[in-house]
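Heads up, there are several structures right after this.
Below are two complexes that have subunit A in common, paired first with subunit B and then with subunit C.
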Partner chain A sequence: MSDALPAVEAAAPAPARRGRFTVRALARRRAAVIGSTGLVLIAGLAVFAPWVAPHDPAAQDLGNILAPPFWDSAGSWEHALGTDALGRDTASRLIHGARNSLMISFAAMLIGSLLGLAAGIVSGFFGGKVDTATMRLGEIQLAFPFILLAIAILGVIPGRTPLHLILVLGIPGWIVYARVVRSRVLAERERDHVRAAAALGARRSRQLFRYVLPSVWQVVPVIAMLDIGFLVIMESMLSFLGLGLPPRFPSWGAMLAEGRRNMVISPWLSILPGLAIMLTVLSVNLTADGLADVFDPKLRKGTFRRTVLRLPERAEPDTANDHGAATRRAAAPPQRSVEAGARHAPAASGSALLRVRDLKVEFPLPGRTIKAVRGVSFDLGRGETLGIVGESGSGKSVTALSIGQLLDSPGRVTGGQILFDGQDLTRISDRAMAALRGRRIAMIFQNPTASLSPVFSIGFQMREAIRRHGRLHREEASRIAHDSLWAVGIGDPDRVLGQYPFQLSGGMNQRVMIAMAMAARPDLLIADEPTTALDVTTQAQILERLRDLVQAEGTSLIFITHDIALVAEHADRVVVMYAGQICESGPTEQVISEPRHPYTRALLESVPRPDLPAGVRLEAIPGELPDPASIPDGCPFAPRCPHVMDVCRTVNPDQFPVAPDHRAACHLWSPDRTRAGTP
Partner chain B sequence: MTAPLLEVRDLHRHYTGREGFWSRRTRTVAAVNGVSFTIDEGETLGLVGESGCGKSTLARTLLFLEPPTAGHVLFRGQELNRETTADLRRRAQIVFQDPYTSLPPRMRIGRILAEPFLIHRIGDRADIPDRVSDLLRDVGLNPDVARVLPHELSGGQRQRVGIARALAVQPSLIVADEAVSSLDVSVQAQILNLLKDLQARHRLAYLFISHDLGVVKNMSHRIAVMYLGKIVELADAEELYNRPLHPYTRALLAAVPSVARTGDSRIKPAGEPPDPAQPPPGCTFHPRCPLAQPRCRVDPPELHEWLRGRVASCHFALSDIPPGETSGAAPQGAAEIERS
Partner chain C sequence: MIVRLAFRLAQMLFVILAVVTIAFFVLRIAAGDPARLVNPPGTPEEIITQTRRRLGTDQPLLGQYVTFLGNLIRGDLGTTFRGSLPVRDAVLAALPNTLALAGLAVLAAAGIALVLGALAAWRPNGSLDRTVLGYSALAQATPAFWLGLVLVMFFSLELRWFPAIDMTGPRSFVLPVVTLAVTLSPILVRTVRQSFIETQGEDFFRAARARGLGEVRLFTVHALKMASLPVITLIGLQLGFLLAGAVVVEAIFNWPGIGKLILDALGSRDFPMIQGGVLVAAIAFVVLNFVVDLLYRLLDPRVRVGAS
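Take a look at the complex of A and B:
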């Protein structure tokens, strides 16, 4: 592995393209489909109005005034929707009204959006006085009632034309676009890729048009859609007031106003244009919703929700009888791994607090399924600290989250057992899990500030948590909160209790989270990358406190990290994970000093340790981490393994014992294989 | 005597902002507060410090991506100012931390790598695809990668593209700002090796910024330690690790988790770094320092050459830490300083 150039890698073509306009993405929202179909129909009528309309909208048939529509007994198909007070055909006037209404709205939208886009870009990208001036102008305009302004302007213009209407409706709309575009530009401009372009010497205009704009313009179509809906209403309103189009142009608003006079004898004259306005605006808004989904992949994927999913609940609650559970589950496919799990269990498994057996977790996504955890088994003794170490995609965090039943949607446990004190957590009710969580099983995460509510004080949040679990009085809860903050090394708990999470540093917030978790004296604490976001000096302080606390309380700890050195310092036992599987497990000291799995070995060698001489070449692991959606057959590490054999590419190795209580999932340690020296 | 490749003299970068929405008082944060160092051709200077110490601001300021408040940056003895930065853009480049935001999301890799040639009008337009292929091969990627969009690549592959983009203008200095911090360990080692190979091949100098002392030591010839906007110690990489002078360096080293710890000679600083807007008087490290004396509270130490080629800004750089004493004065209380 000492070649000067790393192996030339093939580009991984990913099938899923995010943020792309796809018909499928739009179709996923049925409402959007209905809306856009309606919109296409209305727009079609508008565009082809002269050919579609059965009559000239202005042609008067004075012998046939106020004719009822076809469904009335007196109606005829000659004027399907009847005629108005001058004998003009209502259907034709509606169709031509759509043409005028949509054309004016569309033209006004174009003016507003272009002005707004330009103003937003200039304002956001150049900032300073230009920005202040633009935004103040917009605020003043927004404070002035738009309809009043429109009436004032249109009222004084002699000889109104459609162009006047378009300008009056269109220009004031700029501020809506400008504000959104500006905030997007502000965010985008600070991105590293724009900085990199600046460092390359790209001019401001190049930075703007090539780097900032491509990520910004997508917000415009969505706002434009909504804007059209608003403009259709505004145009109708002005026409209704007699300030819209000159009378020779048919318009929904004007039709509504005229129909009002004959409301009693021919109600359809006002109902029909009203309906037209409503349907148009509805179609536009539904389409806008769909567009928003297409342009914002976050909304579409919906993966930001955290939900609890579990296997179907049993009819009768299973009381601590895991043997029964095991036999009943024996019909499920993977017997081999269940056995492997059983073999994995240490001799004194009876005293284990947590026994995970052949755990499988999947994330079904459209078109593919990510197998995040593929048959993981381990035991955790009372008061023991287990380190789970692995890189991204190894399944270490998913394993932890499924113990706490906090998997991200759409993740679900698809097999195996999580036996906590004899209870299978994959099969208990929400209520039973809620009772365990926090009280007997506590979790802390990487980002403490996100785990705390920003609107409540630390003291309030801690008291609430403590009271919920212990049904204590306020004073008692306050005292426990105070003491547990002291226990995690906060010197002045009273001050911290009165503060809010944003007033504290990340390190302090993590101390608060640990204090909160430990206040309930849980049997099991799961710490998922608890110090990854913190500085090394803070990390050292916090982990030392945590270690002292769990030792003093006899709490079992699962410590999940990507940093094998942290595990080496803090865990009694270690589990090394790769691609959703355990590749090695055993007592920490032994695994670190005598790693048996080639991955563990490589992981240890690729860390640039400070005690290595400066400038040494690291033993890097060639290749990339496997794509969790398509893990190859056989051993998942085989493509990167220096000791790969033929069998590795086809057979996924069992957990083979390599020393007392030390196992490695590697064919090099298969009992079938004559061991000709260590690998 | 030839001038060093890069010389930074007393560089400052201050930010001024209003104290609150209604407040008329302003407050100034000295993110970079008088930093000086040099980098020679082909040398790697490591810059290590914790979050908020000003190391990334320093990177951006010395490349004139942000205007310095005061101070001088000299490139091969020539002073740079805002007008002469066009030249700098071809001599110094930067590689960022996050491979997910450092590449424009809607540009194909080939286009991203063509940009430097287009911006600087280097060579013939027709030759650009060949040059892009060469760049991709240089960083260990398949030239076919040119056809894909950034999100179709893994983090490690993207970081290689980021490095290739920096190499396009054939710079003599690359600032690597936490360039491997968001990569997985196994991929991180590949990128570190790649950076070393490229250094040898192209005689590059690096300013290698990281919070990870192991990574910095692996990459650097010399290392500068930064705390609250200032360099507090600068030394040869090996010497810094063997005998750290500044108590902050000692604390940093002791805090690094290690699979091969020998003994437990840890010194831990109490509490957390102070708010840069309200730095403590005297030595800014004194509230957390196990060696602090009354003098440290009033008298800010200057960088002083305590041993040959070893500078540190501490009044007691050569003192040993008394046994049993493991942390600063007050247990926690006084030293736990919150951002407020």
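Take a look at the complex of A and C:
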């Protein structure tokens, strides 16, 4: 994941989440309120059935059979919902049916949940053999056609009682509870406070009740609710088949089965019990949804994923794996930048392949709008490498994604132009854009393994991409895939083509991504933190390979990174971004050797250098990025700037030229002040 | 691999044997004397004793069980108590009808789920999404037997489009299959929706888009394969539910399948027939479970490659 969305979220997670909560959960909550109201009504009818029901549900009146309900012209309010084939009052039987159905389901749920709760807690807490045995038993049960046995048993048992039904319905449910409870216990056991309690010698049983049960208690009611809904249907089904409650107990399923015989003259006798079941189960399920919202905090977390830590992926087989951030940076010492920058002359601006003009990108969220990119302009010449550097949340990845028109919803370009070879990418059709992607504009991303689908082989995905760019035979595409893997330094392309991304290291996957991107010989390659997730040796190898390929093909490269040392080594020109704006831009050599913006300077000072004696403290930049939803007037860096002046807090500086082709957005370089000299 | 397979086969055999054994003893212990049930009330004791001898129920229980297992191994499921028909023939005649019904229903349910789930995921929280979620909530609350009856009332009795009962031709499949498919679909719909929404947020989906793949290909190849995995898992988990649903649907539509066969045999206490039906249903259940696992391994390289 590039830093686009975390940038949005890092902005201010709490309000963003609250926004989601109101819009989305309002509908949910309304449903939950309706559901629980319905449930309370139905449960009330069930509990007070003997007093609420207008008639004795068993009282027959053979003189008044199959009486129609009140809405029929022949109906009467005496039997509001009519009578059945024995003249019994339908409404009363429905109410008593609710009582029986809910009682059976509730009792069955209790049996299943208590068994499961006990099994899950024991299994999760003691682990080892107990756990294995319990879970095995569960697996066997899931592979067991329980319903078949239930039907056979209930079908032949003489003198069936409600207890039989409760046991048969309830017992198989234990495994669902046991699994969920077990996983909760396992998770909770690893928590710090439970571990600390264990270290302090707290007795196991005390830990269990004190710390683990409250967490477990959050999940069980939701499952229990859903279980009741399921059990109501199962109970009615068995009763419908004549295997459920004995005939003397009114039951919705049995009513339906009886009503079916008079389906033609009295269709309501079949329809009403079904509606009762539907309303009940619907109410129960909606209530369960509502409970899940209240109890399970996991569901309340937004869909925004946060990448707090970026850990290196599996190391390349040929490298040692102990590389700290400091060594990584030291591998690319800034002083080499001078020769690197001098190697290729910056392209003349007249032949620009890409011109970005005053680009603005916003993420409208409920109640607030995050301005991720606020007026960014730069040019990229053919065959030129542009480095974009900045912290997470500076807008550099969002800029890159908007060039590919790949912004995640709800992000959108709200202003400016992206001129690629003369056409404005912000205005062309989706189709035209899809035709450019991959073929003329290729991208590689930060997390190579996640950037490949786990369920298709490397070969499939490469061929798919290659064939997209020209009508090729499968063999032809395979050959191109093979050659491009070879070109990125993969020694045995055939083996890799048959493998899956999860079988390869992060470095190998990034090579695959580069090979795929370069196979179409794009005019522009955007590399968004291509090596951030990799260890330092792999990083160096891959960047070198990338540079060679790009140079050989004459591809223009946008290289996005938070690591200014890498930019110094690899880019012809550099753009430094901060809070959605460019604060400094110019030829790499010049920006690195003579940084003019205080932020660039701070970035360079935070890079460890091998020539400094050990013990010299690196300068960290104090303060944090501003909240991109409410960036104050004035220079966004002002709160952190060591040279801040009054004007900085009120006026956002323009891009002031500081040298030929070198600009800095800093009031220190305002024409009014330049004569005052460098700070 | 071979060890795993052998283990799996042993487990399948164990489950089948356990089901049959439990059914056998429950029938013998709980169900009362079939000799009295077969004969009309008031039949003289001698005839009842004769009937017992004919049915073999005069033997000790364990002896009956051993005989039953021995015959089972030879593929002999005995003869029915009533008509003296070979149980095996009756069961084998009924099985394809149930498999056709259940198979078509699963396919239809998966189809409904993929279409509705993808439509819902297209604009999460949009009106289409809410409609689909509403369908899913309603379908989950709808009992199969009621839906079947309502469909019959409307499409058979009212409109006379499809036959109300019996398996008489392709048209007679429509209502039973729809009934079963709709009751299977709600969880599948929600799973597919969730999977499509999650996949759209995945890095590889965006990377595939960046590679120039069109929306149609992205959805019909990449998102669909990701969504098919949980669907297959769920279908495996719902096999029991499917079995129960098939029994009910067969009862409603008078469908000549295993479910109806077992229900009828239960009514007449026809032990061999019940046992035969339970046995075949258990085998089908276990085998289908296995097939679902195989399918999953085939589709998900993480499982397939990880295990070998």
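Definition applied: the second predicted complex is superposed on the first by the 398 of 679 C-alpha atoms of A that agree within 3 Å, B and C clash if a C-alpha of one lies under 4 Å from a C-alpha of the other, contacts with A are read in each partner's own complex, and residues count from 1 in each chain.
Criterion: a contact is a pair of C-beta atoms (placed from the backbone, for glycine too) under 8 Å apart; a residue touches a chain by one contact, two chains touch by 3 or more.
In this text, all values refer to a predicted model and were calculated from it rather than measured experimentally.
Chemist: Taking the superposition as given, does A:Gly367 touch the first partner, subunit B, the second, subunit C, both, or neither?
Modeler: neither
Chemist: Between subunit B and subunit C, whom does A:Ala196 touch in the aligned arrangement: first, second, both, or neither?
Modeler: first
Chemist: If we overlay the two complexes on their shared chain A, which of subunit B and subunit C does A:Gly63 touch? Say first, second, both or neither.
Modeler: neither
Chemist: Does subunit B (first) or subunit C (second) touch A:Gly438, or do both, or does neither?
Modeler: second
Chemist: Which partner chains sit in contact with A:Ile271 here, subunit B, subunit C, both or neither? Use first/second/both/neither.
Modeler: The answer is second: A:Ile271 touches subunit C but not subunit B.
Chemist: Should A:Met516 be classified as contacting the first partner (subunit B), the second (subunit C), both, or neither?
Modeler: second
Chemist: So, does A:Leu241 touch the first partner subunit B, the second partner subunit C, both, or neither?
Modeler: The second partner, subunit C, only.
Chemist: Looking at A:Pro454, would you say it contacts subunit B, subunit C, both, or neither? Reply first, second, both or neither.
Modeler: In the superposition, A:Pro454 contacts subunit C only.
Chemist: Can A:His469 be said to touch subunit B (first), subunit C (second), both, or neither?
Modeler: Touch status of A:His469: second partner only.
Chemist: Show which residues of subunit A both subunit B and subunit C reach, each in its own complex.
Modeler: Touching subunit B and subunit C on subunit A: residues 503.
Chemist: Could you please specify the touching residues of subunit C with respect to subunit A in the complex?
Modeler: So the residues of subunit C in touch with subunit A come to 11-12, 15, 18-19, 22-23, 26-27, 30-32, 125, 130, 137-138, 140-147, 149-150, 152-153, 157, 197, 201-215, 217, 221-222, 225-226, 229, 237, 239-241, 243-244, 247-248, 251, 262-263, 266-267, 269, 274, 278, 281-282, 285-286, 289, 299-302, 305.
Chemist: Quick one: which bits of subunit A touch subunit B in the complex? Just the residue numbers, please.
Modeler: 4-14, 17-19, 191-203, 206, 210-211, 214-215, 391-392, 489-492, 499, 503-505, 507-508, 535-541, 544, 562-566, 568-569, 592, 602-604, 606-622, 624-625, 640
Chemist: Across the complex, what residues on subunit A touch subunit C?
Modeler: Per the touch definition, subunit A meets subunit C at residues 1, 23-24, 27, 140, 142-149, 151-153, 155-158, 229, 233-234, 236-237, 240-241, 243, 253, 256-257, 260, 263-264, 267, 270-271, 273-274, 277-282, 285-286, 303, 305, 404, 406, 408, 430, 434-439, 442-445, 447, 450-457, 461, 464-465, 468-469, 500, 502-503, 513, 516-517, 520.
Chemist: In their complex, what parts of subunit B are in touch with subunit A?
Modeler: Where subunit B meets subunit A, its residues are 50-51, 60, 63, 65, 85-86, 89-90, 92-94, 96-98, 101-107, 115-116, 119-120, 137, 140-142, 144-145, 147-149, 151-154, 156-157, 162, 165, 168-169, 184-190, 192-194, 196-197, 211-215, 217-221, 237-238, 241, 251-261, 266, 268-269, 272-273, 330-336, 338-340.
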